[in-house]
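The data blocks that follow each hold one structure.
The following pair of complexes shares a single chain, subunit A, combined with subunit B in the former and subunit C in the latter.
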Partner chain A sequence: MSVFELLSQYGGKYMLALLTTWKLTFLAFLLALSIGIIITIMRICPIKPLRIAGDFYVQIFRNIPGAALLIVLVYALPYLNLVWSYYVCVLTATSLIPSAFCSEYLMAGMNTIGAGQIEAARSLGMTFFKIIKNVVLPQALRFSVLPMTNLLVATMLTTALASQVPMNPTDLTGIVSYINTRAVGGVTAFLISAILYCITAVFIGQVGNLIDRKVRILR
Partner chain B sequence: MSTGNFSIRDALYEAPGPKTKKRMIIATAISLAVLCWLLFLVIRQFYITGQLGAKYWNFFTTYAT
Partner chain C sequence: MANKENPTETAATPIITLRHVDKHFGQLHVLNDINLSVKKGEVVVIIGPSGSGKSTLCRTINRLETVDAGEIMIDGVAMPQEGRHLAEIRAQVGMVFQAFNLFAHKTILDNVTIGPIDVLHKPKKEAREEAMQLLKRVGVDQQAAKVPAQLSGGQQQRVAIARALAMHPKAILFDEPTSALDPEMIGEVLDVMTKLAADGMTMVIVTHEMNFARQVADRIIFMDAGSILEENTPEQFFTHPRTQRAQDFLNSIKNH
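Right after this comes the complex of A and B.
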């Protein structure tokens, strides 16, 4: 089938799949960002068990392959009487892994803040949470805009995991197997998905660069 | 200041005073209890669903398959 045949027959489905991918990406990234911030605060707080738990969390979810995590969520959790919908499973897998990376990026962003600034804040009598809220997090977030852009793209590509479980509506990778089981789409079906992925990634990259230029701290 | 591997984690707080020390001990105890509770919940779920049964774990003790 040619590109035009595919688009005329399955164009609507492709749009739906694109929207699903966008929605998954957006939700997963928001979750990853919030979990990442919480984990990062745990990792820098003075309470030892929380530090260790945060480090442990990052080590686990940074090193687990996405497909393996999805398999655990879909096939192993039901043995523990935890049956989640496929959508929730995919969303969990695609937000837990980026959250570990998010925490690492934030830690890297934090380490660029001079220790002198924090000592200054401390000598002004700020409490730990005040320092985090007013000095550390704003700068760490501004420093990590570009890594976060990469993370958003990586999250979008991770949502291709959704094609491994039955979902309705499915995502951009899932739609290819949907088409190829019903018609002879071949590589062309992949091409359309790839182009849509590319457009999204380039758009995210441009917006990320724009934000970075706006909020970058010049030294 | 830049001697050794001095990281941002060390800059965030100084040596705690007696009051803070007490508060930190309490917070440590609470967080430890919460983490243990979470671990307990996981193990309990394993136990309830029978996943701790010997037949699932025996093969770790066998020398070869």
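Right after this comes the complex of A and C.
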């Protein structure tokens, strides 16, 4: 089938798949960012067991393949009497793994903040959480805009895991198998998805650069 | 003497009290039985050779450094060990650092208002107005919308002083506030400090600027190897140092 035949027949489905991928990516990244921030605060807090737990979390989810995590969620959780929908399983897998990387990027961003600024905050009478809120997080986030942009793209690519479970509507990778089980889309069906992934990634990259230029901290 | 309506209160509690303070860094006895008392409105200058423990002493006063033993009191209240209560006491003591330590991502104005707004819970408008007055007082109100990296060292240090003042502290600690500055900017910072002293601010200052020390200090503390060796008026200390160490130290900086 040619590109035009594919698009005229499955254009609507591609649109839906693109939206599904965007939605998954957006939700997963938002979750990853929130979890990543919480884990990072744990990793630098004065309570040692929390620091250890935070480090442990990052080690686990940074080093586990997404597919393996999805399999665990889909097949192992029911043994614990936890049955999640496929959508929730995919969303969980695609947010837990980026959350570990998110924490790593924030930690790296924090290392650029001088100890002197923290001491200045302490001597103003700020408590731990106020220092995190006013001094540490804003700077760590500004320093990590570019790595976070890459993480957003990586999160999008991880959402391809959705194709491994039955989902309706399916995502940009799932749509390829959907078409190829019904027609002879061949590599062209895949090419259309690939182009849509690429366009999204380039767009994310551009926005990331803009934000980075805007919030970059003068030294 | 100073306060006729309530003479007992001024006479009573010193703003800063250190009693038998001891501290080690591993084997190094960095503070050795330090006793110090700073009255309201007093300007105490700490001098001494490099490594004698001046910065450490300064930092223990608001517990940026913990101590092994002894007692530190701010306005009659013992410094708590940890947590919220410690933060509350710290808010009453300003600190100005050698490296300025302004918040790099915040504007000059926000650097000054963040303490009053977030720690003292002042209304934003009020905090901004007062911050602008303070910035004017230290001569950097024109720079209010810039970020620290856009200012010279001397300007940054004056902002740091305004940031400390915005908390209405009972005392301000200065740890070598001009040591990181180019020579032509030292004067502008010392001028601000001299005015503060004249306005009655309680100050503890670590400095190598001897002329300045002589001019503003009510009392000179000379430290060596973790101990206070001399405590005297500037006049007495600079003309008649009692210990050999102090004489050697004064000679060494004269020959500079």
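Going forward, the second predicted complex is superposed on the first by the 219 of 219 C-alpha atoms of A that agree within 3 Å, B and C clash if a C-alpha of one lies under 4 Å from a C-alpha of the other, contacts with A are read in each partner's own complex, and residues count from 1 in each chain.
We take it that contacts are C-beta pairs under 8 Å (C-beta built on N, C-alpha and C of every residue); 3 or more make two chains touch, one makes a residue touch a chain.
Remember, predicted model here, so these are calculated numbers, not experimental data.
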item	value
Touched partner set for A:Q139, first subunit B, second subunit C, both or neither	second
Contacts of A:K23 with subunit B and subunit C, given as first, second, both or neither	neither
First (subunit B), second (subunit C), both or neither touched by A:R62	neither
Contacts of A:L218 with subunit B and subunit C, given as first, second, both or neither	second
Subunit B versus subunit C as contact partner of A:M126, first or second or both or neither	second
Set of subunit A residues, in rising order, touched by both subunit B and subunit C	113, 116, 119, 122
Subunit B residues touching subunit A - in the complex, by the definition given at the top	1, 6-9, 11-14, 16, 24, 27-28, 31-32, 35, 45-46, 48-49, 51
Subunit B contact footprint on subunit A (complex, rising order)	43-44, 46-50, 53, 79-82, 110-111, 113, 115-116, 118-119, 122, 128, 131, 136
Subunit C residues within the subunit A interface of the complex	62, 64, 83-84, 87-95, 97, 99-105, 114-115, 118-119, 147-150, 160, 163, 167
Touching residues on subunit A, where the partner in the complex is subunit C	113-114, 116-117, 119-127, 130, 134-135, 138-139, 142, 217-219
